C-alpha cells in the first residue's frame, strides 16, 4: 500500500458535535463529507442509570457517522486529529474513528479517477 | 326573521369545521409531495386561508354577496370592510349576518387552497401571494356572486334553459372554479423538474390520510352547514355527504384493485374526496340512494381523469383538476339528474325536468370557462411580472429550505 | 314531537364527530403497527366506515331499528333502503329520522373498525371485506336491535332479573360486541409471524397519540350525542365522559409507573380510552364522582387484561379485547352499580336496586356470548372460503406494499 | 332563566373543541422538541388535562366559581365535589350548570398545558405532577375567581380606575397566567444542556402544524363558546377570532420574511396563535377591523418577544411566555383600546373611555405579578423537595426513553 | 497486512434478527457495535409473488447493517461465525457479511489509537 | 492483494438517479446491492444561492449511498463505469464512487465464504 493511496475516514460522533466537527474540518480545508444517522454502543454497552428504583440500560444511542475520503494516510491522520479535538467531551460515548483503505476513487460528474 | 339560535349553534360549529378543513387540506397535500416541500405545501394552505380571509372582510364579501352592480358581475360595496354586517340576521336566514359572512369566508379560503395543487413543489411564494389576492378577487368573488349572490348567471341560464342552476354547497363555486383554475395554472407554470423521467412518490401517506380524515369531518360543516339551519335539510345533506364519500371510496378503491391488483389507500382517500366533491352541489337536493350513485360515479370518473392526466403527462400535481374539477362538474350535472322536489324543492331529469339538467350543465360550463380563462391570464400576468415559479436550483433544493428556511424532519437529533 | 332544532344542531355535530373518531381510530391503530403495515391498518378503518355505511342504508338500519320481526331477533324491513326515513322526527326523538339513522350509522361503522385490531398486520383485504358485510349484518345489527331497537333481549332480561338492562351509548352494543368479536377472530386467524419471538415495537407513537386525541374529542359526540338532545342529560354525559377518560389515563399511567418505573404515553392514552369505553354505557346514568371510579377501575382492569393477554401469548394485536371488551363489560356492570335515579331515571345497586346490576350482567353476558360465538363461526367461514389471512411471504413483506402497493414513508426523496 | 337548548348545543360542541385543543397543543409542542422528547412533551399535555380535570371537580371549580370567601381570594366550598352542580342552569346563563363547569374545566386544563413550554425536554415527571396540582389550585383557581368568579380584583380595580376589567375568554386568566408562570418556571428550572452552544432544531414540523390546525379549530370553541350562547355575540367572537389569527399569521410571516428572507411555517403558525391569544380577551368586545389590528400587532409583538428571549439566552423553551404571555398582555390592553359599546357593552379608549384601558392594564399587571411570583415560589418548592428537573444523564438520554420507556419512532422495523 | 491489523465487520441482516445477533455477540464479548437501517436486494432481486393474479416483485427489503471493528482478522472471523449462527433462518434474504481492512482506529474520548 | 480479492463499491449518487442506476447495473448482471439515505457536501460545500436579497448556502444535500460487493477489482471498475454513466447529469453534486478492499465475504443463509 503506497503512501498516496486514498483513505476513507469513518468517524462516529455525538450528533450535537456535528456542527463543530464540520466547522473545524472546513477550516483545515476538508470540505467534502458524507454523513448519516446511526445508533451504537461502545464497550460500556450504552448507559445504565437508576430511575425510580428501577435500573435502566439504554443500549443504542443515536450517533452520526461521517465519511470523508482524503488522498493520503497523512491527510487522514490529520483530519482524524481535527475530528477528535472537535468531537471530544471526555465522557463515555464520544465515539471512534476508523481509517479504511480506498483502492480507487472516482468523480461521477467527470468520470475521472481522483487521487 | 329573527335570530334562530339553533341554526346559529350549528353554523358556528360548521364554520369552525370548514376552517379546519382548509388547514387539513394542507396535510392531505403535504403528505403527497417530496420531503423537501412538505412545509411549503402546508404553508400554502395556511396562507390561502389567511390572505383570503383578510381580503374577504375588506372587499370579498361585498363583491360576492352584496346586491348586484356592474350588471350582476359582482356585488356593490355596501358591505365593504364588513360595513352593515352585524349581529342582525343575514338576509333570508336566521343566523347573524356576521356569522354568514364568516361561514362564506371559510369557503373562499378553501377554494384558493385547493388550487395550490397546480404548482406544488415549484411555486414562488411572492408570486403565489400576489396571485392569491388577484384570483380570489377576480375569479372567486365574481363566481360566488353569480351563483349564490344573485348575479347575472341565474337569470341568464334561466332565460336560456328555462331553469335556474342550483349549487347547494359549492360544487360549481368551489370545486369547478378551483379545479379548472388549477388546470390553467398547471399549464402556465409547467411541469416539475424531472416529471415524466422519474417517480415522485408521496413522502408520508399517513399525513395525507390525516388530512383526508379532517376533510371528511369538515365536509359535514361544509355541506350540512350550507342548509343554514339545523333542520331536516341539513340532516339530509349530512347523510348524503357521508354516503357519497363512502361510495366514492369504495368505487375508486375497487376499480384500482380490479385494474392493478392493489387498492391504494390514496385511492380510497381520493375516492372519498371525489364523492364529497360530487355530492357538494347536490347535498340539499338528492336522497341517499342517489348519493350512492353520485359518489360511485365520482370515484370512477375522477380515477379515470387522474389516469388520463398521467397518461398525457400533465403535471397538475396534486389533482385538484381530476378530483375537484371533474368531480365538481359531474356533481353539478348529476344534481340536474337526481334532484328530488320533495327533498330540496328542485326536480331533476328523473322527475321529468330536463330543463334543470340543461341549467346545471350550462351554469357549470360558464363558470368552468370563466375560471379557466381568467386564471390562465392571471397566471401569465403574475409569471411575467413577479414570477410564479422558483429557479431550477431553488426547485432542486426544495421550497422548504429555500423559501421557508426549514427542514420538515430534523437530521441528527 | 316536532323537530327540536337545538337537538338537531347538536346531533349534526355529534354525527360528524363520531365519523371523525372512526377515521381517527385508524391513526391510533396505525401508529402501533410496524412501518410496513401502517397504511393497511389505517385503510381498514376507512374501509370499515365505507362498507358499513353502505350496508347500513341498504339493510343495516332497518335490521337494527325497525320494529321487531323474527321474535325480536332483528327489525323488519320497513326502513330498508332508508324507505320511510325522512326529515320527520325519528320515533320518540326530536331529531329528523334521517339524522338519527346517520348518527347510528357512525356507531355501526366504528364498531367494525375497532375489531380490526384482531388481525392487524396479517389480514387479507378480500377476506376482510367479506367478513365486514357478514359481521355487521349478523352480529352488529342484531345486537343493536336487541339493546336499542326493542328486540327480545330487554324483555327477556327483565323477565329473568326484574330489570331492563340499559346501555346509554354502546358499552354493550359497540364495545363488548367488538372486543369479544376481536377475541374470537384473533383465535381464528392466529398469531403474527414471530409473535412471542421478537418485539413488535410501535412504529410511530405520535401518530397513535393523534388518534387518541381524535378519539377523545369524538367521544363527546358519541356519548353526549346519545342523549339525542342538547339538554342536561347530554351535559352530564359530556362531563362524566371526560372525567372517566382522565381517571382512566391517570390510573393506567400511575399503575404502570408503580410497576415498571416508567409511565408510557401509550398507557396514558390506552387508559383514557379504557375510561371512555367504560363510561359509555353509564354516561347518562351516573354522576362525576362515579365517573372517577369507573374510569379508574377501567384503567386498572384493562391494564391487567392487556398484561394477561401478553402473558398467555394471545396475539389480539391492538387490544380491542383488553380495552373495549373488558372495559365495556366493566362499564356495563358498573352502570348497574352506580346508576342514579335522579340523573337518568335508573337506580343501581348503590341506590338499593340489585336487579339492575343483575340485568346489566345478564345483558352483557348474552351479547358477549353471541358476539364471540357467531364471530368465531363467521371467521372460520371466511377463512375456509376466501381466506382471512395473507400468505407468510405477504405477511413478511408487509400488507402496505402487497395489498395496497404503497410505502407509507418514502425512501430516497 | 331556563335551559337554552341552542346555547347548550353550542357549548357541548365548544367544550369538546377546547378539550381537543389541549391535546392538540401536545402536537404543537411535540413537533418542536428533539426526537428523544416528543412523547414526553405530548404526554405533559395529556397529563395536564387529566390532572387538572380531576382536581377541578374536586376543588378547582368551587374555588374558582363559588361565591367569595377569604375576602374574594377564592370561592367557597359549596361546589366542592361538584355538589349542587347539576342540570339546572348555571347562575346567569342558559346552560346546565354541569356543562358550565365542564367548559371551564377545559380552560383550566389547557392553561397548565401551555406552561409546560417552560421546562420542555428536562422536567421530571414526578415534579411536574406535584407542581400541576399546586399550580392549578394556588394560581389558576384564584386568578379565575378574581377575573370571572366575582373575586376581589374587579371591585378593587374599579375603585382604583373607575372601570371593571373585562376578559372575554381568558386573555388574562389563561394566557397571561400561563405565559408569565412559564417565565418564572424557566428561571427556576434553568436552561437545557447545550442551550446556547448548539442548535435545537424542531424534529417534526408537520406535527407542529397539525397541532396548530387543531388549536385554530378549537379556539372557536374557546372564544365563541365564551359567549355562553349561540347568538350574535358568539358570532362576532368567532369572526374576530379567525381574523386575528389570519392577521397574526401574516404579520409574523411577513416580518420574518422581510428580516431573514425566509418565511418559516413556524412563524406563520406562531403568528396565528399569537393573534388567537391576543383576541381572546377582546373577542366579545371588538369588531373585525380592530381584530386585524390586534392580530397584526400580536404577530409583531410576539415575534419581537421571541427574538428578545433568544437574544438574552433565556430557555423558556417553547415560547409560552413570548406568545401567550406577551400576546395575552397585549390583548388585555388592546381590549381597553378597541372595545365598542355596541358590540359587547364596554367602551374603550377610542370611544373615549380611558378608564377602561387603565382597568385593563391594572388587572393584567396584578395577575401577571401574582402568577409570576407564586409560580416562582411553587417552582422552587417543588424543585427543592421532589425535584423539578431530571439528572444530566437522563436529560442526555431523553425523557421518552427514561421516563416513558418509549421511543417515538421505531428503529429497525 | 499483518495479523493484528484491525478489521471491520459489516453484516447485513434481517431487522427482526438484530436482538438475537446482539445478544450472541455480547455473550462472546463483542459489545461495541454501530447499526443503521438500509435496504437491499440480493441475487434473487428481492421477492416475487403473485397477488390477485398480478405478479409483484418487491425489490428493496428493509435490512439492518451492523458494523463492528475488532482488533484482528481472527476476531473478525469468530464474530462473523457468531453473527451467522444468530442471523440465519435458512431462507433467501438472510444477508451477507463482509470483512474490511482497517488501517488505524482511534478512540475520540482519549484521542489514542486503539488496536 | 491478489486480483480475485472481492471489492466493495461505495457510490454516492443523486436520489432521483437511483432507479436508472439500479436498472443499468441489473442489465449488466449486478443485481445485489445495499442502499441507504445519506447527506453530503462535496468540494463546492453544497449550493449557494441568492434568495430575496439574502445569500443562502444549503450545505448538506440528500443523497443515496449504494454499496455493492463484487468478486474482483475488474468487476468493480466495470460496475463503477456503469454507475457513472447512469448517475451523471454533469452538474455539481453528481457524487463520488470509492472502491474498498474486502478481505472476506460470507453468505449468512449458507454460512459459506463467497468470492
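The letters A, B, C, D, E and F name the chains in turn, as written, and every chain counts its residues from 1.
Basically, contacts are C-beta pairs under 8 Å (C-beta built on N, C-alpha and C of every residue); 3 or more make two chains touch, one makes a residue touch a chain.
From a predicted model like this one, the values you see are computed outputs, not experimental measurements.
Of all chains in the assembly, those touching chain A and also chain B are C, D, E, F. Here C-E and D-F were compared by C-beta pairs in contact; the pair with more is C-E.
With centres taken as mean Cα positions, chain F sits 51 Å from chain C.
Chain B and chain F, compared by their mean Cα positions, are separated by 45 Å. Each of residues 16, 36-37, 39, 51-52, 56, 60, 62, 100-101 in chain A touches at least two other chains. Residue numbers of chain B whose C-beta contacts span two or more other chains: 5-6, 9-10, 13, 17, 35-36, 204, 210, 230, 257, 260-262, 402-403, 411-413.
If you sketch which chains touch which, every chain touches every other chain without exception.
Contact residues of chain D toward chain C in the complex are 3, 5-6, 8-10, 12-13, 15-17, 19-20, 23-24, 26-27, 30, 38-40, 42-43, 46-47, 49-51, 53-54, 57, 81-82, 86-88, 95-96, 98-99, 101-102, 105, 125, 204, 207, 210, 214, 230, 402-410, 412-413. Listing the residues of chain D that touch chain E in their complex gives 411-413.
Across the complex, chain A meets chain F through its residues 6, 8, 22, 26, 31-36, 69, 100-109, 111, 114. Chain A meets chain B in the complex at residues 15-16, 18, 37, 62, 64.
Interface residues of chain C facing chain A in the complex, by the touch rule stated above, are 257, 260-262.
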